[in-house]
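You will see two complexes here that share subunit A, one where it goes with subunit B and one where it goes with subunit C.
== the complex of A and B ==
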């Protein structure tokens, strides 16, 4: 489709761009204030409009936009909604956060909008150049935000680590893409597949180039062995940014991985199954990656004392669970990833919101500072417990059905051993998640009550309610995930 | 059958409604919180009795409620009871009000306690009523969370350790159940969670014996942790000793039955051939449970730990009966599940009574209490005699049935198992002697007698134990038909 007629499929992104510009300009016209001021309103409204606008895209048939640069398909629409919703929540969380510099509020919000735009583009790019540019758009913004805190020390360390690891891994990814271009002579991802499958190329270079691209995606999702930045950055970055990285950035990594891997390296084989190039066992590769990632994440989380580091390792473990869906090599696998991401969005944002409230009020993010939280701040404690139960994957929470679907997808593809590894990992994870529950409920701490912004009560309830409700009525989300697993061929 | 309305839904979810109601009562109103939670356990009891009366033993599943829940996965909200579940549902609704009464002394954070307790009741009843495997699993896991908090917050000195140990053990078991559930669901076509149909559907899809045996084993691990069968039993003494009295009652009275109930409800009907294949192992584990549990009980100095180990031994009888596949043994096993629920509940309540007064549970630290507290001694002797299987009390009937039925199938093991009776009599009588007989310990010259509230919790159970010991037919009639149906499937 040509550029002009593509614009009607591009409304959410256009809205984001306008928001970004308006927020930047509003800085010139407006004096900074505490709390919900003009730029914040602007960002929230912009995100909201973009989110509403993305619903308009659901019915439209899948097409290729902008001369083959960008895809419009249910898969892309899903991720647009996912990223915009997540950014909206993060803006909401940031408004009253004491960790983010507030005389640069509009800068912060503009960067956030830019990252969101980059993420939306990453999920829909079908051309290597476009893909790389989108990733850089989001990455550079993320590096800035990781260092966007009041204090130096850990934050600076986090930002530097994030930049160095990021630059390295995107560099390697670019290298991989260039090799692919050299092999096939095309930048179009589907074109790469055509050439590869036409020549039935089982050249080791194909595997190598894909592994290089995997480094870039693996870095974003924090899969082992590209996860070393994760605990340090999560600990050092401002909590709202950590929450954003843990959900949206991970989502982008998976969007990128699925889009690139399924479009370039696999061929649809009917009935929702995909066939790979002969002589390359992708299933085993991803299964091993998944098993190692979840095990390393869970074992790494055990000895942590800092809650943000613990949640970082938990995020690594969850990347491992999510990779099961890719290892399945089926549309069901993709659907299970999308499904899980929805569950993970609510769960993780809830957990980080509670962490943020505590950091704001007490400046503490060590687990012992959660002692007796139930007495000191009942609602955050209960909500945190629900989130942790969901992260463990126990009924009656969304995390359970999310994991169940991933397990089903992997089992269906014959990865029995992987499912066994995954369920045993869930048992292990119970131990460290419940260390926090234990501190909050079973142990007693100081008697001082912890007050918090009243608006957070509403946000906490609105974020935590879906964790319970999505367990009981997960049918609609399931259908959505199954529908959105369709990609442009 | 359907004219009774959503009876099982009401029974199961009324406590949950009570939990929501409690959340709106201010924490200061401690008395009101207890009264409201008691009130919300009573309708389930009344409806449970109604169910017991209306239940027709000659028909299979009754009071069925079935509605699509998640059509995309073919999950149904499917509730129903048969002869195996009715006694368990009744036991649960009976013990729950008793446990609320037994918790009357708790003052610390009572709101959370009652809320968790009511959530636990919903979870337990759901397990006994669910006929959809997914629903079953959800209730099965739902129960763990309140239990964790109940042990962990209101428990004894080592409560944190006991709570997480309980949770880790049971979750370890449950994930194997989850694996089996996924495997079964994917093996059926169309995919199905319907417990009543799964056997036929699996036969149609032609899964091999290895698959069935592996699934059976995975499920067995989940249920064995709950029973608890050797070697998964080590969480039990810790959890029982640390839990508050009422929660020990629930643990021993109901939670342990879920293990054996799960085997009878899920594993046996779906994989009858694997049941036979596994029976020799199960009967060995039963023997170990009986002998090892009794010997451990004998060695204890802590009264609560003694009762906990006696539970392990008594659940061994249930497993022995289940592994024998004769009508008498199976009936005995189900009956023993019910009887153990009432008898052990009494034992734990009695331990709670003495602990509230003396603040310790050291068996050797008492002496001669029969003179000081004759009523308490009388009721305790009834419970002890019931536990050791004295004729005329309900424990005798079920144990005798188990041994009678098991002997033709496993003669040598049955003979060895009967040593459990001698051992049980040994430690029970020895304990009774150390606590109640001999000269009165001077420290307890002013020990108050059992009070009216505590009597209210004990007397109904004592009446049931006595009544079923003399005239067990009404209870046996309820599940005899269901047991025979199950046996027909297996044999």
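== the complex of A and C ==
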């Protein structure tokens, strides 16, 4: 489709672009203050409009936009909604955070909108140039946000580790892309598949170039062995930014992995299954990656005392669970990833919001500071417990349903050993998640009450309610995930 | 007789640059040097793109990509140097092994 007629499919992104520019300019008109001020309102309204606009895209048929640069399909629309919703919540979290510079708020919000735009584009790019540009748009913004705190020290350290690891992995990914381009002579991802399946299918260079691209995606989702940055960055970055990285950045990594991998390296084989090049066993490769990642994440989380660090290792473990869906090589696998991401969005944002409330009031993010939270701040304690149960994957929460569908998808593809490993890992994770629950409910701490912004009570309830509701009414969301697993061929 | 460069000559150069870049990233601990290692990797990819475009592909995709990569490399370097400067003001050195205030 040509550029001009593509624009009607591009309304959420256009809204984000306008928001980003307006927020940046609002700095000139307005003297910033703490709390919900003019730039913050602008960003919230912009995100809201973009979120509403993306619903209008669901019914439209799947087409290729901007001369084959970008795909419009249910898969892309799903991720647009996912990223915009997540950014909206993060804006809400950042407004009252004591960790983010309040007199640089418009810059912060503009960068956040730019990252969101980059993420939306990453999920829909179908051309290597477009893909690389969108990944860099989101990465460079994320490097800046990781260092965007009032106090230096830990934050700067987090930012430098993030930028160096990040630039390295995108560099390696770029090298892989350049080899793929050389092998096939095209930048179009579907074109790459055509050439690969027609001629050079068993060339080891294909495997090598794909592994290079996997470095970039693996870094974004924090899969082993590209996860070293994760604990340090999560601990050092301001809490709202950590929450953003843990949910949206991981989502982008999976969007990239699915979009690139299923489009370039696999061929649809009918009835929702995909076949790979004969010489390369992708299923085994991803299954091993998944098993190693979840085990490393869960074992790493055990000795942690800092809650943000613990949640970082838990994020690594969850990347491992999510990779099961990719290893399944079926549409069912993709659908279960999408469902799991929805559950993960609500769960992780809830957990980080509680962490943030505590950091705001006490400046502490060590687990002992959660002792007796039940008496000091009942609502955050209860909500945190729900989130942790959901992360473990126990009923009555969304985490249980999400994990169940991932396990079923892997089981249907014959990865029985992987399901066993994942179940054992879930048992292990029970230990460290419940250490926090025990500290909150069974141990006693100082009896000073922790007050928080009244708006957060509403946000906490709104974020935590879906975790419980998704256990009972998972049908519609599951159908949405199954619908959104469709991609442009 | 002048040696005519072929595609494999360019690929040898780019692979050497890539390996050198990785080597720097693994062995050096000075943040600015690490940044230079990253630039080497990006340039290796650029040589690949331009060479492949010249010898094998039709169209200008590879050249266009290379130009975009240069621009993004500049952006990335700007951001990284800004962060390095902030670190330098804090610690008065930029050895990334000394930055270990966060440990389990």
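Annotations
As a convention for this text, the second predicted complex is superposed on the first by the 488 of 489 C-alpha atoms of A that agree within 3 Å, B and C clash if a C-alpha of one lies under 4 Å from a C-alpha of the other, contacts with A are read in each partner's own complex, and residues count from 1 in each chain.
Here is the rule we go by: contacts are C-beta pairs under 8 Å (C-beta built on N, C-alpha and C of every residue); 3 or more make two chains touch, one makes a residue touch a chain.
Quick caveat, the model's predicted, so the values are computed rather than measured.
Once the two complexes are laid over each other on the shared chain, residue contacts for A:161 go to subunit C alone; subunit B is not touched. Of the two partner chains placed by the overlay, neither subunit B nor subunit C lies in contact with A:228. Once the two complexes are laid over each other on the shared chain, residue contacts for A:483 go to neither subunit B nor subunit C. Which of subunit B and subunit C touches more residues of subunit A is settled by the count: it is C. Using the contact criterion defined above for the overlaid structures, shared-chain residue A:48 touches neither subunit B nor subunit C, since it reaches no partner. Of the two partner chains, subunit C is the only one touched by A:177; subunit B is not. In the superposed model, A:431 lies in contact with subunit B only, and not with subunit C. Legend: residue contacts after superposition of the two complexes on their common chain; A:408 is shown touching subunit B, with no touch to subunit C.
Touched by subunit B in one complex and by subunit C in the other is not one residue of subunit A. The touching residues of subunit A, when paired with subunit B in their complex, are 374, 389, 394-396, 400, 404, 407-408, 411-412, 419-420, 423-424, 426-427, 430-431, 434, 437-438, 441-443, 471, 474-475, 478-479, 482. Those residues of subunit A that touch subunit C in the complex are listed here as 128-129, 132-133, 136, 140, 143-144, 147, 152-154, 156-161, 163-164, 167-168, 171-172, 174-175, 177-179, 181-182, 185-187, 231-232, 235-236, 300, 303-306, 309. Within the complex, the subunit C residues that touch subunit A are 18, 21-22, 25, 31, 34-35, 37-38, 41-42, 44-46, 48-49, 51-53, 56-58, 61-62, 64-65, 68-69, 72, 75-76, 79-80, 83-84, 86-87, 89-90, 96, 99, 101-102, 104.
The residues of subunit B lying in touch with subunit A in their complex are 69-73, 112, 137-138, 141-142, 144-145, 148-149, 152-153, 159-160, 163-164, 167-168, 171-172, 175-176, 178-179, 182-183, 185-186.
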